[in-house]
Amino acid sequence: MIIYVEEKADPKQLETLKEWLDDIGVEVHSLAGKNGTILGLLGDTHKVDVEMIQGLDFVRKVVQVKEPYKSSNRTFHPDDTVLEIGNAKLGGGHFAAIAGPCSVESIEQICDIAKAVKEAGANMLRGGAFKPRTSPYSFQGLRKKGIELLLHAKQITGMPIVSEIMDIGNIAAFEHVDVIQIGARNMQNFELLKEIGRTDKVILLKRGLANTLKEFLMSAEYIMASGNEKVILCERGIRTFETQTRNTFDVSAIPLLKKMSHLPVIVDPSHASGISELVRPLALAAVAAGADGIMVEVHNDPEHALCDGPQSIKPDAFKSLMDDIKKVREVLF
Amino acid sequence: MIIYVEEKADPKQLETLKEWLDDIGVEVHSLAGKNGTILGLLGDTHKVDVEMIQGLDFVRKVVQVKEPYKSSNRTFHPDDTVLEIGNAKLGGGHFAAIAGPCSVESIEQICDIAKAVKEAGANMLRGGAFKPRTSPYSFQGLRKKGIELLLHAKQITGMPIVSEIMDIGNIAAFEHVDVIQIGARNMQNFELLKEIGRTDKVILLKRGLANTLKEFLMSAEYIMASGNEKVILCERGIRTFETQTRNTFDVSAIPLLKKMSHLPVIVDPSHASGISELVRPLALAAVAAGADGIMVEVHNDPEHALCDGPQSIKPDAFKSLMDDIKKVREVLF
Amino acid sequence: MIIYVEEKADPKQLETLKEWLDDIGVEVHSLAGKNGTILGLLGDTHKVDVEMIQGLDFVRKVVQVKEPYKSSNRTFHPDDTVLEIGNAKLGGGHFAAIAGPCSVESIEQICDIAKAVKEAGANMLRGGAFKPRTSPYSFQGLRKKGIELLLHAKQITGMPIVSEIMDIGNIAAFEHVDVIQIGARNMQNFELLKEIGRTDKVILLKRGLANTLKEFLMSAEYIMASGNEKVILCERGIRTFETQTRNTFDVSAIPLLKKMSHLPVIVDPSHASGISELVRPLALAAVAAGADGIMVEVHNDPEHALCDGPQSIKPDAFKSLMDDIKKVREVLF
Amino acid sequence: MIIYVEEKADPKQLETLKEWLDDIGVEVHSLAGKNGTILGLLGDTHKVDVEMIQGLDFVRKVVQVKEPYKSSNRTFHPDDTVLEIGNAKLGGGHFAAIAGPCSVESIEQICDIAKAVKEAGANMLRGGAFKPRTSPYSFQGLRKKGIELLLHAKQITGMPIVSEIMDIGNIAAFEHVDVIQIGARNMQNFELLKEIGRTDKVILLKRGLANTLKEFLMSAEYIMASGNEKVILCERGIRTFETQTRNTFDVSAIPLLKKMSHLPVIVDPSHASGISELVRPLALAAVAAGADGIMVEVHNDPEHALCDGPQSIKPDAFKSLMDDIKKVREVLF
């Protein structure tokens, strides 16, 4: 870490700062120039509260040379994390395809889709039970009942299941859920992250709509700092000025996250675009860019499916996509 | 609401849609053109699930003419909401100045600042007890102890207090807190919004970093739909490409929110900019644009204040700002 | 086009608007509701000045159902445009690889790189002569001299060349240049677009940093409306809050542009990311998403290349990328 | 400037870099640490090509401590620039109000509005002659004829005039125009900036839709480096995800630009919001935040004004705004 101190800094203040840094075990080297002083900090700078330092009025700039994330940092864990989820594996060359409906609606619906996506090549089943909706007047999901239906589909197909939690109060309902999803809107719900980090579940953490990759890894860090290192990172689009898509899918996040971290990186092309026609090209793009998996919304009965999102695809389109993903992975990896 | 249907739409599907809309009590008028059909929806369209309609593959576009928010909508409540908070009032011409430290640190610190900001013209005291921090390794606040210290300062000064809640599990600690703040990162923590809507506290809802004004009002709607109509809207900057400020303060949000809604609108210039020098110009700008109040970070002892944010100002700067706000309000309102 | 008129609209004003629309040959259908009137416009609505209509104070909303771009619109030209550029082809299944240095520096440099990229599989040579630099104190390119050096490399290798124009005053220097590039910062330099549309050169139009896909196609429309239909669209990243990459590469733009328009769509992964390590994954992602070509910065001598951008790759990395692109295209298209 | 060099850097490469920096007269101080070396650069670092240094593969990070803009930098010119434009003054406590129609349409229109805005308190007249329009099918302005009409209005009222140039080819038409405007879309049209910098006109430079304040000052620097120091900076909104306003008015830009630079800073609330109702609150906010002037669209005859933008206000609303601006300035400055 480098701290650039204003030339007008009071030597006494500077001394206090140095002592304080010394106290927390950080080595400080000074380089005095005409327009100020550069402090080079060596050692374990994770304990330094950057915002606090920046708050000092004699500090012009703080530059972090080392990344503020630790447990998720590839520098300290060069090997890919490989997660075992039921009979599926994810990371370190193992590709996962998570598919299922936007919302769990009925026992028939979820079981039919579960069988269809399994046959098409999926190895995990997703389904929304607790639904985050912008409007309080929109359908909020079947909630606990939805989880029960998912567990039924799990029993029938043998596929591990993925579902979103929205509040720590509902944790009991997720006892038999294999992967607990933290949605984009909760990426910085720090209390939820801390609590979920005390479970031994695999956590699928979605990137927030307006969060940088560093903040994304800091949220993974919250979970890992609580003791749970089984985290999947999921890129799902960020908010920009472009209105043609619901969000802008940030494909660069894949190679960057894989460089910054050892955690598996998957993508959700359905929510990233909000357009069913884009699911296929975005999924293929993500695979070509090195993603470890995809999570796709698949619905079964378009005729009556008044409740499926505009981003859902049909099982046959999903099967064709899975075939092409296999081909691309074969020639590239 | 207007639904634009593709020319290629199957008449049977179209009929199903019309029946479905009819069932929920919405009147449908058709206007057939060469390139498709326009459906004009009349009546209470709040029940229409817009995303669901947009998901139908024969629908080209859905245009909402009426706003999706209801309880917070000025159309249905032309008069400004006026909130009484302890001996302070907010809204409908009543201006509120909320001031205090970033974090509550000690009994001396919070009491000293409380007295200083009261003298300078504040009529509510703010102080962070539960602190949302990007890093799990940063100071997380004094938590329950912090609320106790705030209550002590309330007793001494008589000022109502404002503090942030991060999880519904801690609600008991806020029993004597006058205004419960929902932070920007929790603006779409829908479970928290629903629960807090069941309390009778005044809720200060901050706009999310990447949320539109419509989404902001939909979050207020969650609280109000649960029964609590005492909501304060707080603009605190949005995330943009500009890096000179921590966030971009969206001053247009003030007149727009006041036009869209009857709820009081305040601003937080400290967090919007992250720069103490900007607190004054941004606060004055907000007042000139019609804000009903400001929330400002004030610290007392810059010498030892290693823990104050770079956006905090001193009591004398706050006093000078309050004097100028009074002058501007006198000539404009 | 649909115009939603406020209920309070003066019938006289409404009549004037209808007459005015009638005069420009647009058919108007009215649908009166309780909260206003919906005007459905049929016929050639391209002549309707949308902003003007939106400016009328009795108009609540204007919704464009048809796209405002015409010549570039796939609806009216279902077949892909195929461009012949020297002995290269682009579009309609023909893939183009444009490679070369950031700036042309010397005869040796450009000729060496030209030979290297040709051997690696490029079929067009790029090189900056007129350089858009943020700072007036930075190197502005060899300008006319740079074009001459490029032409020399063209003669030696037989490859068509691509170079950026920054002002119509320099058009004479581009007489023998095969493809004239309009940079992102000039995407809405409308006078330049009009003038360049009067030439018979192939125009490579880059998307602006903060421009929507619609605006992008409207800029292509400027060139085409002047008579030149030989336009290549190039996605090169948009500006967002994320700072890890120079820009956010919008991979969704590829399938969307190809759906909206018949023009060839290429990408520039070098400038999109500003990071050499990302060139390969982003290029492969773009190819998998359906791009018709790539434009990549390649430099030759990293030891002395003080002037190459941080986004340049070496010829052998480019060759390996071209090999993998071929494989992906073989299995997908 | 600080250059952080990777630990794996080849000592030979490092030596070359140091020599190269030495050659351009920059003093280099090294501070070797365990994880790399910090180079502190002292002296006139304006000549250092930052992008080039960042391109070196052994460089981890370059931090600019000094700002890259020089002529516009307040550090080197502590006093406000005061511009004399006809009988108006701008900057250093002198407030300017520029008003007029979106487009010049006829001799009656421009003269009527000119008289009306002068009476209402404007001291400069604006009017669009060359119009940047997103669509080639929209009205492109009266062009040279429009400038002639403006000059007529200038003669009648004595007010200096402001109009936008879009291409250096039309410079002759601006011979008698007092202030030449560079629009947001041309902010980084570097060739235009260089050429306009060779004139002795006052230049009103608008901030680009997606440009940072640093880039904004670098564009001013282009004009000033060509010899013309009479530059006005104009904030007019930036592009964000919010769709309620056309752009997001960045009110923080006012105090920041005034701190960074000695040039006068004005705002354009009409284009920033695109909504006539927001002109008044945004203008007042800007004044309270310290703006040196405003530029407002005023139209005269709403009945027939099919061509005025949705952001125009009437003369009486402008007069009332000017009165309130005067009051706010009296109590604050």
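Each chain gets a letter, A, B, C and D, in the order it is written, and its residues are counted from 1.
We take it that a residue touches a chain if its C-beta (ideal position, glycine included) is under 8 Å from a C-beta of that chain, and two chains touch if they have at least 3 such contacts.
This one's a predicted model, so the numbers in the text were calculated from it and none came from an experiment.
Student: Which chain maximises the distance between its CA centroid and that of chain B?
Tutor: With centres defined by C-alpha atoms, farthest from chain B sits C.
Student: If you tally contacting C-beta pairs, which pair wins, A-D or A-C?
Tutor: A-C
Student: Just give me the whole-number Å value for how far the CA centre of chain A lies from that of chain B.
Tutor: About 26 Å separates the centre of chain A from that of chain B.
Student: Distance between chain A and chain D based on Cα centroids, please, to the nearest Å.
Tutor: 40
Student: How big is the gap, in whole Å, between where the Cα atoms of chain A centre and where those of chain C centre?
Tutor: About 32 Å, centre to centre.
Student: Where in chain A do residues touch two or more of the other chains?
Tutor: Where chain A meets two or more other chains at a single residue, that happens at 210, 239-241, 243.
Student: Note which residues of chain A are touching chain C in the complex, please.
Tutor: Result: residues 210, 212-214, 238, 240-245, 248-252, 254-256, 259, 272-273, 277-278, 281-282, 284-290, 324, 327-328, 330-332 of chain A touch chain C.
Student: Which part of chain B faces chain A closely enough to touch in the complex?
Tutor: Per the touch definition, chain B meets chain A at residues 20, 46-47, 49, 51-52, 54-57, 68, 70, 132-139, 166-170, 185-186, 188-192, 194, 208-210, 215, 218, 221-222, 225-226, 239, 276, 302, 305-312.
Student: Quick one: which bits of chain A touch chain D in the complex? Just the residue numbers, please.
Tutor: Answer in residue numbers: 2, 4, 29, 31, 33-36, 38, 40, 42, 60-61, 63, 65-66, 210, 239-241, 243.
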